Amino acid sequence: MKFNNIGISISSKATIGNNVRIGDHTTIYDNVVIEDNVVIADHCIIGEPLSNYYDNPDEYENPVTVISKNSLIRSFAIIYCGCNIGQSFSTGHRVTIRENTKIGNYCRVGTLTDIQGFCKIGDYCWLHSNVHIGQGSNLNNFVFIYPYVVLTNDPTPPSSTCNGVFIDEYAQIAVSSVILPGIRIGKHSLIGAGSIVGKDVEDFMLVVGNPAKEIKKVTEIKSRETGESHYPWPFRFERGMPWEGIGYEKWLKNQR
Amino acid sequence: MKFNNIGISISSKATIGNNVRIGDHTTIYDNVVIEDNVVIADHCIIGEPLSNYYDNPDEYENPVTVISKNSLIRSFAIIYCGCNIGQSFSTGHRVTIRENTKIGNYCRVGTLTDIQGFCKIGDYCWLHSNVHIGQGSNLNNFVFIYPYVVLTNDPTPPSSTCNGVFIDEYAQIAVSSVILPGIRIGKHSLIGAGSIVGKDVEDFMLVVGNPAKEIKKVTEIKSRETGESHYPWPFRFERGMPWEGIGYEKWLKNQR
Amino acid sequence: MKFNNIGISISSKATIGNNVRIGDHTTIYDNVVIEDNVVIADHCIIGEPLSNYYDNPDEYENPVTVISKNSLIRSFAIIYCGCNIGQSFSTGHRVTIRENTKIGNYCRVGTLTDIQGFCKIGDYCWLHSNVHIGQGSNLNNFVFIYPYVVLTNDPTPPSSTCNGVFIDEYAQIAVSSVILPGIRIGKHSLIGAGSIVGKDVEDFMLVVGNPAKEIKKVTEIKSRETGESHYPWPFRFERGMPWEGIGYEKWLKNQR
């Protein structure tokens, strides 16, 4: 049993590349560009229109949406118009990505994760399940965010201020943490599970707690299994990373 | 590209008003009333039946469900039978609203929010993404609840006690907070991010922490941008509110 | 209005029992076995294939998936191939259960709950809404987990270590708690709302807080309503349990 072509609706104004497979009950709206070798699984909506489409469909023009090559969008995803998604993107199920979000190459987004629009996400970012990326968030490359993390943006709710979070490269935010509006998370830092982060976090720092406090440098964290230092993590982890097979040190030298 | 009428199923016992648009793959069950100018987007289920429908569909009679005029229900919503939803309601995606929930006028419910049934929600309430409203919760008008908040109801789980939370008008609950069973949240109060609230909260009070403690009056909170007091918020925020264009003070006088 | 047979896709290699009802827009993949008297509601995906199906559908063989008798799978569920689900299972909506998960008999899984695969769950476990069960978790019988709880598994993220949580029988984990990797939760224990649990929890212990600390024995917790001890809960709660009608004490004697 394979792709069945049941209940699919593809706009005549969409552009579909070679070797693209589209699942049952999926809708592709106007001005969506799907590059080669992309899989869009069942029950997806790609190029979801903005509010004024519902107000006045006859005069509405859908902004361009791009899903780049070699991507796999699993079932029940909703990706709004105006998004630009890099190559080799992959998702879990029920992902929602709102308008005007730019995602780099080789990113992964887990089941139920909700990206609220007007976000900028670098390359090789992994957002696990059920992450909430507030509107206006900005993630550098190689950022890892774990389940039930919330990135906020309004310092005095309700207001019309959108003061998104910035997360620098190689930073990680463990499960169920909250990053308060406008906070900057330094590179290679680690936010422990369940932290409420209300102050900027320095590079290479471990912070934990409610409210979150500096504990120590991440370089002082030992692996329970090996007893050796586990961080900075790129020296210890390479699956899916551009240094896979050659190691981070060598890759880093090649970058310079 | 517009509404395509693919895979739609509408009960012959449903009542559909004028200028109603219904998205692809959407199902409208028996005894649903959809008033004029409503949009129900793709993949929705309106009037989802109770458990005994699945046990015995031949003898089951679906309670009446009302979606009032000018509402916009975005894709993948599930609204159970027995709900009564006021006018100009709007939702994000994947909203679940269980049976016998009454929602007032001009409310908004964000993506993934789950209202567990037998709830009463006033007018102009805004529930953002991924909020969990426990069964039996009661929200007055103008209540704002932010992502990943959980309203609970069982003081000694598991039990058959359902002791819902009460939230008074203009109160706000910031991201990832938990309100314990039977708690009353006073009007104009503000619950800070990540708070676990186990005591009643007085009117106009800011509470924060795990466990949540009183910090100060909300009137003492300054906006970082203006340096002025931001609360009570209706004096500072009017988008979508009934005082938009005239200001809260004037509107309040007109109400008396 | 009943099951309409709109947009359904059932593999010719699936095995469907007697008196099975399948909702609109639902897909049943290869090698799924659905036993008698099961209801699969609308928009479900049963037997969701593994990643290599998307890479190479022509050579892919889907592992066997079993949904045992008398189960009710509500709408928008995704159950992966390789799962074995016991009898009288019931779910809310939008449940995701990844591959190679074994679930016992008489379990319930609430709306939005995400079981990440390679998990073992006993009999009579109730996972409420929006619970995240990390890969490799192991739950004994009669475990109750409440909304927004996260069970983790990686002690030094990112890594390839999967050190799942073990939860012993009759334990309960209240809303928005996090259980850190490899932790053991003792039988009849109670984890209070919003706890971050980084140490093993003894049998019959109440732990609360961030970080979670031992408070007292659960037997010392009084019901606010009756003033009597509420725990161990099986003596006070029997709805849906195997001792319903006869009481836990008598049932326990019969077990010996």
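Lettered A, B and C in written order, each chain numbered from 1.
We adopt the following convention: a contact is a pair of C-beta atoms (placed from the backbone, for glycine too) under 8 Å apart; a residue touches a chain by one contact, two chains touch by 3 or more.
Please read all numbers here as calculations on a predicted model, not as lab measurements.
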Margin query: On C-alpha atoms alone, could you tell me the rotation angle mapping chain A onto chain B? Nearest 5 degrees is fine.
Written below: 120
Next item on the list: Please state whether the interface between chain B and chain C is built from the same residues or different ones, using more than half shared residue numbers as the mark of same.
Entry: different
Note to self: Just the number, please: Cα centre separation of chain B and chain C in whole Å.
What the structure shows: 27
Check: Of all residues in chain B, which are in touch with two or more distinct other chains?
Finding: 7, 25, 43, 76, 94, 112, 130, 148, 176, 194, 210
Note to self: Using the touch definition from the top, list the residues of chain B that touch chain C in their complex.
What the structure shows: 7, 9, 11-13, 25, 27, 29-30, 43, 45, 48, 51, 54, 57, 76, 78, 94, 96, 112, 114, 116, 130, 132, 148, 150, 152, 155-161, 176, 178, 180, 194, 196, 210
Check: Taking the complex as given, what residues does chain C use to touch chain B?
Finding: 1-4, 6-7, 21, 24-25, 39, 41-43, 72, 75-76, 92-94, 111-112, 126, 129-130, 144, 146-148, 172, 174-176, 193-194, 209-210, 221, 223-225, 230-231, 233, 236-237, 239
